[in-house]
Amino acid sequence: MNTTFPQHAAHVSVHQLADAIHATVQGPTDVLISGISQLDHAMGSDLSFVLKPTFHAAAKLSQAGAFVVGQPIPDEPRPQLIVPHPLIAIATLAQRFFAPPLPPRGIHPSAILGVEGRIGPEASIGALVTIGDRVQIGARATIYANVHIGNDVIIGDDCTLYPQVSVLDRCVLGNRVILHSGTVIGSDGFGYTQLDSRHHKILQLGNVFLEDDVELGANVTVDRGTFGSTRIKRGTKVDNQVQIAHNVVIGEDCILVAQVGIAGSTTLGNNVMIGGQAGLVDHITVGDNVRIAAGSGVTNDVSPGFIVGGRPAVDHATWRKSQVIQYQLPELRKEILSLRKRIALLESRLTETHDSP
Amino acid sequence: MNTTFPQHAAHVSVHQLADAIHATVQGPTDVLISGISQLDHAMGSDLSFVLKPTFHAAAKLSQAGAFVVGQPIPDEPRPQLIVPHPLIAIATLAQRFFAPPLPPRGIHPSAILGVEGRIGPEASIGALVTIGDRVQIGARATIYANVHIGNDVIIGDDCTLYPQVSVLDRCVLGNRVILHSGTVIGSDGFGYTQLDSRHHKILQLGNVFLEDDVELGANVTVDRGTFGSTRIKRGTKVDNQVQIAHNVVIGEDCILVAQVGIAGSTTLGNNVMIGGQAGLVDHITVGDNVRIAAGSGVTNDVSPGFIVGGRPAVDHATWRKSQVIQYQLPELRKEILSLRKRIALLESRLTETHDSP
Amino acid sequence: MNTTFPQHAAHVSVHQLADAIHATVQGPTDVLISGISQLDHAMGSDLSFVLKPTFHAAAKLSQAGAFVVGQPIPDEPRPQLIVPHPLIAIATLAQRFFAPPLPPRGIHPSAILGVEGRIGPEASIGALVTIGDRVQIGARATIYANVHIGNDVIIGDDCTLYPQVSVLDRCVLGNRVILHSGTVIGSDGFGYTQLDSRHHKILQLGNVFLEDDVELGANVTVDRGTFGSTRIKRGTKVDNQVQIAHNVVIGEDCILVAQVGIAGSTTLGNNVMIGGQAGLVDHITVGDNVRIAAGSGVTNDVSPGFIVGGRPAVDHATWRKSQVIQYQLPELRKEILSLRKRIALLESRLTETHDSP
């Protein structure tokens, strides 16, 4: 089976690349580049990048045709594009020259659209998409195949919804929101009231509001508010398989790594970072700039700027110390047993001392 | 971008609302209500609710047009509907007056149906639904767009399957079952047998049986039995992203919070509650009325009525005590070092004492 | 509601079954069997199996019509098929005689296919499948309803993609790959670069490569490489709701149990086993034949052959010991307090001793 494929048709000169990122070039500028790759996989037509001088040796061994670097690689004849922030430069070049082509604009004839909707100019609605009634979709939005959009949904400009996404009734997306495959926006919150030892559903009448520049990974779930909105604010990025319960509010520019779970009505400030598989209980408040270690269980409010870890989460220094000592416990227990023996011996000797004279 | 939308067309008088929940009304009864909201988001046309007298101050500040209360708010001129259980009353009113309209009844022309099926009266089959052969769907069931139902599936009356759900071959759903988007019923159990250091698949020939009134959140996975059924019994409610392995049996009226994982052939009694992100190993038995703390790792049987927590899970009191002490470990270690020094000093003094006379 | 259904039409004689697994038969060979079941659910037309002599009593009580056994059940008149590895024999029989029928071959008229694709002989493309441009699908592949396959995807022979799977642009599947419902192959890696305290997306230009005989459970997510491939090697089996980040490499014949998460660029050797809900940080290397306990948090490289557990993961023996002692901490603390008192008493007595003479 042939597993190669034409990744990019484009050929761009080093000169053009350098222009786009305002780089100083060392070496020839007429080399043609057709892709970006990491050092160890790059071929002669690839641009690669060196984030730190410690990778200079790897760069020498790489087959790459040119490099983006922070500091020049010594004695390197191949073209080097020197910039202050190589990773940002690479991100810029990837977006500008090597982005895969967008799907065709317009509405695929197999899509099923409801009534009274409005679709902006240059939007793309893929095959077998289902869209409810009174839906607004902004300019240049890309809705891939097999997506479902419910009634009364509003989707801003330049959004991207990957295949198999569901955005359910009355949810609202700002501009440039990206939702990866299998993600569900607006499932019911987990709300019941108990009567006669049975669970009775509380209808979930609210919605979800995702502000501008929010990106959610694959198979994420965001429940609608019971009343009011579950809200994720501008610029927050969420990794795969994260669970966000009803009426949670997440601030701006947060980072939630994969498999995090946030229980109902919990509120996060801005610039919060949460490591993978951490869990936050319901109805707590996490301040701005808080960092929560991977795998933590947060059971209380966290003040702005704190770094916390552990189950239950405590301040980072306390958690780290106790983490180390947990594995010394067998030694500590031995030590205690040894001390007990020495004390018993002292006690008996002292009794002798008392008795002997 | 305009992000408002008409949530409910209905206008209901306080008199009608009070009638439906057998409430005593204090204040005017002719006020018209068009929605339900929490105190801090309510507008003048909204009904809100006060679960405890501690929220009376917040109620005074709320813009709500009327309140459901357990105890009357003092000096409040707006209508108050007094009931013994405000949350149950609100749930009842939400369901009765403010539920979003159901999708149109009947079969969308774009749905693909197999042969020899039977669809009950007043059912709704949405756009681009795929249904296998010999499928039975009960009366008034609502199957949303993009759902897949396999061959020989049986779905009871009044079930709701949200967009992008899969119910695979031969699985059975009782009445009033609700499955949220992205949930998969009847994926293969994770069963292999090892031979020559390779893993050989054991065909998973069983099915899944979800009894009456079961509700599963979004992106839940329930594997089919290897042979026989994986079964979730009447009234159990499961939150988003829960994983239920092959041949698990879950009792009646259980609550499983988000991201819980239950390994193969484990059995739960009735009224079990499991906190978020807890994991249960395979082939254990958990008794009736057990409560398992969030994040626990249950590795052994749990007797009925026990409350357990921790990794590995132990009884609640033991777990809580050791949780507190884990963060005092650095202090305890210092204490031990200090005791060792004092003992050494005692030992040398005692030797002096012995030697001195 | 009638919840029975015809699972298998086939009737096979004990003689035929024994032939297929080279079994020695004790008892009659003309009994007809129509299914396989576990001991406690088997009916008279079912074959069941006994993995250990400890289940002989249960076998006597079972209604099964015949048994596959390692050692014969004493005084049992029903037919017994004696083989060295009963579970492997059952897996073989299930596959050979009792596998559910495959979906019809060919392309369902409602499927939407792109241009320049190639579909192998005897493949099955289900209802409402969407397939991008330049896609290659191998012989005898089964693509169930509502699957999405992106542009430039390559799928080998004999693959099975269950309903609602997404395989996104440029990803590659070997032969006999199985993907369960809701699984996403090729979502974007979680890669951003920070500038002016905002997160800027790094385009994810790589792909995912799943080698021969890989099986992924339901609602699994595998991100594409930033550049280059995320790769899962031959024969590895992955359970439901596992998250595999960009540029991860997983060796051959590994087992990853449900809800495991592996962060970016981490590399696993061959025959690695990871228990449920474990998490691995980014950029670490795990050697061949490593076993990682359920719920562990692996934060460092693990040498080949090691067994590790805990958060952070350490060698198995250390982890187990400290796990036991964590719950003895309240006792240890009491012991320390008691020792402190005894030391204080000794100190005062010794002072008396010194002073008294």
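We call the chains A, B and C, going by the order they appear; numbering starts again at 1 in every chain.
Simple rule for what comes next: contacts are C-beta pairs under 8 Å (C-beta built on N, C-alpha and C of every residue); 3 or more make two chains touch, one makes a residue touch a chain.
If you're wondering where the values come from, they're calculated on a predicted model, not measured in any experiment.
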item	value
Category of the chain touch graph - line, ring, star, complete, other	complete
Chain copies touching (subunit A, subunit B) - same or different residues, decided at half shared	different
Inter-chain centre distance, subunit A versus subunit B - centres from mean C-alpha coordinates, in Å	25
Shared-contact residues (touching 2 or more other chains) in subunit C	128, 146, 164, 182, 219, 241, 259, 277, 326, 329, 332, 336, 339, 343, 346, 350, 353, 357
Subunit B partner contacts - residues on subunit C that touch it in the complex	1-3, 5-7, 35-38, 41, 85, 87-88, 90-91, 94-95, 98-100, 108, 110, 126-128, 144-146, 162-164, 178, 180-182, 215, 217-219, 235, 237, 239-241, 253, 255, 257-259, 271, 276-277, 294-295, 323, 326-327, 329-330, 332-333, 336, 339-340, 343, 346-347, 350, 353-354, 357
Residue ranges of subunit B touching subunit C (in the complex, touch as defined)	112, 128, 130, 134, 136, 138, 146, 148, 150, 152, 154, 156, 164, 166, 168-170, 172, 174-175, 182, 184, 187-188, 190, 192-193, 195, 197-203, 205, 209, 219, 221, 223, 226-228, 241, 243, 245, 247, 259, 261, 263, 277, 279, 281, 297, 310-312, 314, 318-319, 321-322, 325-326, 328-329, 332, 335-336, 339, 342-343, 346, 349-350, 353, 357
